[in-house]
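Mind having a look at this structure? Questions to follow.
To keep things simple, chains are lettered A, B, C and D as they appear, and every chain counts its residues starting from 1.
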């Protein structure tokens, strides 16, 4: 297989990448790891005229502490996040999530920025992004902005990211008590259901992925939770249009969402 | 576009079209056909190589993305005529049958053992999540990796 | 003497594979080679009204484009004729290389674009404009035979290819079922599978204008058969001018037995353009065009008497053969399927009734096991289900129905109700051993306990038998096979005593280069390094039938043994002359001919040299030590065994985890235990795949919605445990090596064991059956209905 | 693939009807449509560009409105072809006036072929939900702002 013809440009800075995006418009596609884009291009499901490589832009692959937050560069690989001592120490749920993505090879190449921008409805990160109240820091030619998870994920593969914007970093509040549990699709290993639960003081927060056309915060569970995981998890899909496919009907997926919410809640320390 | 890569310790400067995957580059330009293409969409793992020390699937990396990288393929694993312990272990333990997935399996295992020299059976099995084998039922592949880990101590 | 036979000699072929030096077809590059890419039908059933290739032809780098109008007269044949019950010949509509007038399944070849580069070919494919008229589709075999169903082929009424029956008269069987004290009845689908060898099919054809000769490099399991079919039945080429080479092949599992349209097409194209042309399938094409396996819709009933003895067994299935007849498709649901209905039980009355059907789907053919896994699933799944229904232990139910042990030498073979005569068997022995490995009593205790903690344990049994070593030509010929199924084995002793062995069988993972060398070396009493095994090239090897149906060692190995006998016999004449002794006074052992009772001897090497440098040579004897033989077996071989699966079902999610898999198989004598174990492991994994994960699904419009590794689930390393294997040996009485066959046994035995284990785990909840693949949702639904 | 759902529009059925029958509005609110050229008899030549995650394709074909009963019901028939597969859909819409609003109940079937069908099954349900949502949200906005 071989993609349709395109022009490849390697960007050496964020500003260069943004200028290129502006110049080439809708015909351009950013590439970081490429594990979602390149197969689609080979299958010719996607035929961008220009591919802008942001994978080697310096400064986008660091993991830093900033007060109560961790700031994770968009180009950090899943592997880097899964094995980072800081992440494991301060936000283990994120390391756990990163470790559950794909397989070793995919984790070595795929990036958190790429994954979030791609916004696969069954991707793993969005659950923890939502549950942890993380912010996606993006930059466009008109400047920078910071988008909350609930605003960022809008639909199937749809995000708040403007066509001339790119993700620079993810800012996530540290959380010591969190868990991500996933029911993997036996073929793709994507999340049929993935649940991130975080406990902060008395409150809990729940992010669910794989269930609907985009990841969501299970507010109904959070409201209902009074220490009884089972009862609260009954609300996991309240008001949600649950997806259905050949492997899992919406009825079964709803059931799994409840089971994994309950399990995640019960696993919290 | 011109790219410069070091493959199995040897530097190559090549002109490639951006459409070319790294797997195709290795196979068609450098004639290193030990890197196999089974699905071409990063699911089966037959094309696994190490790129800057990390196991990756070369079918979904563009050759131009690999510019400036150091690459090891199955052909570069044996050093000075001496098989890598993984290669010997795969032969000793019948870790292969048709041989098609084998280079990818060995390269994945090499990445796995670099990071975790003492993997449990479970860690090995999860470590092979990205590689299909249709012949062996994985039984002897897992055994091979266990034995290689043992012999590399 | 056996220095090698029975030992786990490490495989010699591994050296090239572990260093990346294997030579698979797609690895080859020929000078001036062009690339072919297909325009494929996006519809399951459509009239092709017009194909416009103008823009594509104008695309830079395009060499030629062909459509059905150019080569539609050529079609690939079916290799096995199965007639209707009433004697009418089966329906065999043409299977053109490129669709003519109509496309009958998604992915059917519609046009072929040949270009200088793969890039240009793929780009130009998108420029070919095809005007289709979509037609109604049918993908399910049962639906296809209903009145008014869409017609796949105009001249095949009700889409019925043939109907078929084997066993005892139907009314006798029906009467016995009706008067049985217990009847277990199941309706299920033996779902469609995609073989998924990890190496995609690949072909390179190279036509030499000056010599008017063709070379076809192909990833096939049987190069001679491909050459024969292509030359004689498709393109009408002179067979002696066609060379088919099949180097290393990355797995077959049946899917690379058949002569595919793409294979003949590249050969034809190479002559048209006078240049080499390569086509390598991509994974999407593999899903759409590699012949699928299984796909039977079945009703099966088994009647028992008060003591649990089986009194009768009847099966009715619709077998989906897809849109066209693939090479051995017609044999799979009939002679490779109905004939297995005896299993290892003494069932006195059996009737198997099959309707073979065309649908708008990818052609179906033999996939690891070919008809036998389908029947074994029916039988063994019925046995465990019957045991649950009758509240009998599944092990005891089997024991009271087993055919008693027989070795085929002192006791005769066992004549079944379904045409076969089993060669030898001892079914209690593998069951006993497997139970020892398990600790059955402890398991039942653990199971009780598991029911209180949400992780339901279950155990499933399968005491399978299979018929392999395909096959006695006379038998299969009388059953409609259009080719003999013997094998060739050629042994060429070189002057220095080194030995080149040419086999018509083919290795694509089975390790022939090692296991064949083991018995050759032992038989000749020479070091294994002095033996080389050559296969996969029609110019080097005598006509052979290839590898499938677990036949290589039993049939191909036996052919080599015949040649070795001739070598030793001729060698004896030379030795007698050199030793000045009577031939009758010589014995051959440990690589020497010795005059009995003396220390006078001559080595194999000296005899070899004398044969080729005949300065001192028996008068009247031809020089040389080189023999070719064809071996046509007198019977199939019948491996058997006991497989036990232990599963755990997550009560909350329905997810099944395979905790243990125990296999005690009897494949007759064993040349290389390591390789045999490896075959069992791989077979079991594919059997587990069918039970729990795999299944090709078409939507209501005939679109395949499981056509990638994102949706088609196959076992990965973390889906499986280590397998616990052991073996019993009941030699095959009718071939010289005493071997049976091990390639398919694992797959045949494993599927019902796993499915039965799931039922054992959850049947106490009142669940009767679950369709395969046993996905978490199906289990959850069953538990909550 | 069954397509069904309901959506509440904050306008009268007459208002909804007028907008639905206006090709300019249809063009604006139907996701991806870049061109809608009247061919007469409520038939239009439609060109669209769909960009949903990994899929980015140009489609061409027709859009037709049939079985129209003013202010009550209409069926949209779409046939679009592309290099990556074809899409056809027939979706019946019922307008129900509920106080000052209109509930649109829609039901029908969408058919995909080629690579779209083969690769898209995991996500196609979600895609259809998303596109329907977009369509009605845009329609709602269009009516309210008009």
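Here is the rule we use: contacts are C-beta pairs under 8 Å (C-beta built on N, C-alpha and C of every residue); 3 or more make two chains touch, one makes a residue touch a chain.
All of these numbers come straight from a predicted model, not from anything done at the bench.
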item: Comparison of C-D and A-B (more C-beta pairs in contact); value: A-B
item: For subunit C paired with subunit D, centre-to-centre distance based on mean C-alpha positions, whole Å; value: 49
item: Chain centre separation (subunit A, subunit D; CA means) in Å; value: 30
item: Multi-chain contact sites of subunit D, meaning residues that touch two or more partners; value: 83, 115, 119, 121-122
item: Per-residue overlap in subunit C, given as positions that touch at least 2 other chains; value: 119, 126, 282, 284, 705-706, 708-711, 714
item: Where subunit B touches two or more other chains at once, by residue number; value: 19, 40-41, 127, 129, 131
item: Each pair of chains that touches, named by its two labels; value: A-B, A-C, A-D, B-C, C-D
item: Interfacial residue positions of subunit C with respect to subunit B in the complex; value: 8, 10-11, 13-22, 24, 26-27, 29, 119, 196-200, 248-253, 282-283, 508-511, 674-675, 677-678, 681-686, 708-710, 714-718, 720, 722-723, 746
item: Residue ranges of subunit C in contact with subunit A within the complex; value: 118-119, 122-123, 126, 282, 284, 652-653, 655, 693, 697, 705-706, 709-714, 719, 775-777, 780-781
item: Subunit D-facing residues of subunit C, complex; value: 42-43, 106, 126, 284, 287-288, 699, 701, 703-708, 710-711
item: Residue ranges of subunit A in contact with subunit C within the complex; value: 1-2, 4-5, 43-44, 183, 185-188, 190, 246-249, 252, 255-256, 259
item: Complex contacts: residues of subunit A adjacent to subunit D; value: 26, 36-37, 39-40, 43-48, 118-122, 155-158, 185, 188, 190, 212-213, 241, 243-247
